[in-house]
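A, B, C and D are the chain letters, set down in written order, and residue numbers restart from 1 in every chain.
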């Protein structure tokens, strides 16, 4: 399977199409059916007590799965999430970025399905795990 | 079942504990095991094309389930989401608030489980449906 | 919205197409976008201690959502489940049938999405809640 | 992390505690936080057309996650599934066993959380992916 977009192309796509949130997500690695995305944690992602908010982790899972799909099929900005099931398992470590590993399990014409593990950088035990489905518009 | 908190008390809790996001969520009605929450849609919730972002809808589901739980047990600010499964079913109507109806199906000592339907105000067909589990710390 | 199949037609469909399991499921009521299905509990559904097995409840949710979809679009035997998220909330009451209430939230050309509440007959508190997506083949 | 039960002990546990279904599941490998389980496909698992039924795949995911948990904590027969989200992605290959790879992401005192990939033996692309949570009774 050939990649249609590399890390640089995915980061450019984020800045062009999702400029409000693009600085939250940095694609670090791309491989067939897989991407690694960093969330540089900032004040706006935190809840009282220094925890990273649930919606921030949801966004990271959602964007990572989107980027894993785009890497394989090229830029399709109208792809939309149809389902996400996310388990929040541990409190993220304070003052450390989040790293998401997204893996596609199915890439069909109309749907992509995969899962995402989110870690606090440097820690083995994941903070969250999500499974997502994207609907891809007919091309 | 008696309510421990009414709509005014829940809105005050949001302003005190979650001041960064409190203006996004207005509790409109509270009943045993159920709350109705309005998200007054603003520019920051939108994606290109005027769509409300997925993380905004996730947040609304998550907060609504939290508030439905607090209404029954009183303020427990350390309750945390452990699982959320959300289906995005339709594009929300532009320029219209979102209304979430949260319903608890189980309220145990350590867990609450329920689901949330999200509608564009005035429309029958829901835009999203979510099922959530909260872990309640031992008291 | 008009129904394409009533309870009798759905029960006949089950006997014709799913003869191995048809006796497990009895359609009791059909309404637009909703069905009620009974599972007459038998020895083969039980686990040690008299509990109804998880796969039995999964099957009931799955079949109920299928039947709610068929009631609206007519018999499409190749419709397949693509996603199910199920919460098991309470131990079912021993010696009592299960009753499932399935509700469609979206009925598109290619997908139906809905949820199912499962009760032990006569008890208010549900034993399980499931959200499901079916893929409907192009017709 | 030390294993409390090996493959032979897990297979014995299945025969003792779940005798009705034990022949459906054969533990092939056990590692810390992971198990591999085979489902020898038989007539009773099939639907018209030779497809393996959804409930069969649900059962395989559910049992595999249970066995991954038991391998780490020892036999706790009252552990129960509280949530399962499963994606059915492809039709299993006819006439071939299913192989499930279960991986624990969290093993707490009260909960275990993990996911399961199910393959038709010999094929790379998974037929289903599931995330599950088990509640472990206080000991």
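By definition in this document, a contact is a pair of C-beta atoms (placed from the backbone, for glycine too) under 8 Å apart; a residue touches a chain by one contact, two chains touch by 3 or more.
Everything quoted here is computed from the prediction, not taken from an experiment.
By number of C-beta pairs in contact, A-D leads when A-D and B-D are compared. Separating the centre of chain A from that of chain D, both taken as means of CA atoms, is a distance of 27 Å.
Work out the mean CA point of chain B and of chain D, and you get 34 Å between them. Each of residues 82-83, 85, 87, 89, 133 in chain B touches at least two other chains. The touch graph of these protein chains is complete, with an edge between every pair of chains. Residue ranges of chain D in contact with chain B, taken from their complex: 82-83, 85, 110-111, 133.
For chain A in complex with chain D, the residues that touch the partner chain are 85, 87, 89-90, 105-106, 113, 115, 117, 125-126, 129, 131, 133. Of all residues in chain C, only 17-18, 20, 44, 47-48, 54-55, 58-59, 62, 77, 80-89 touch chain D in the complex they form.
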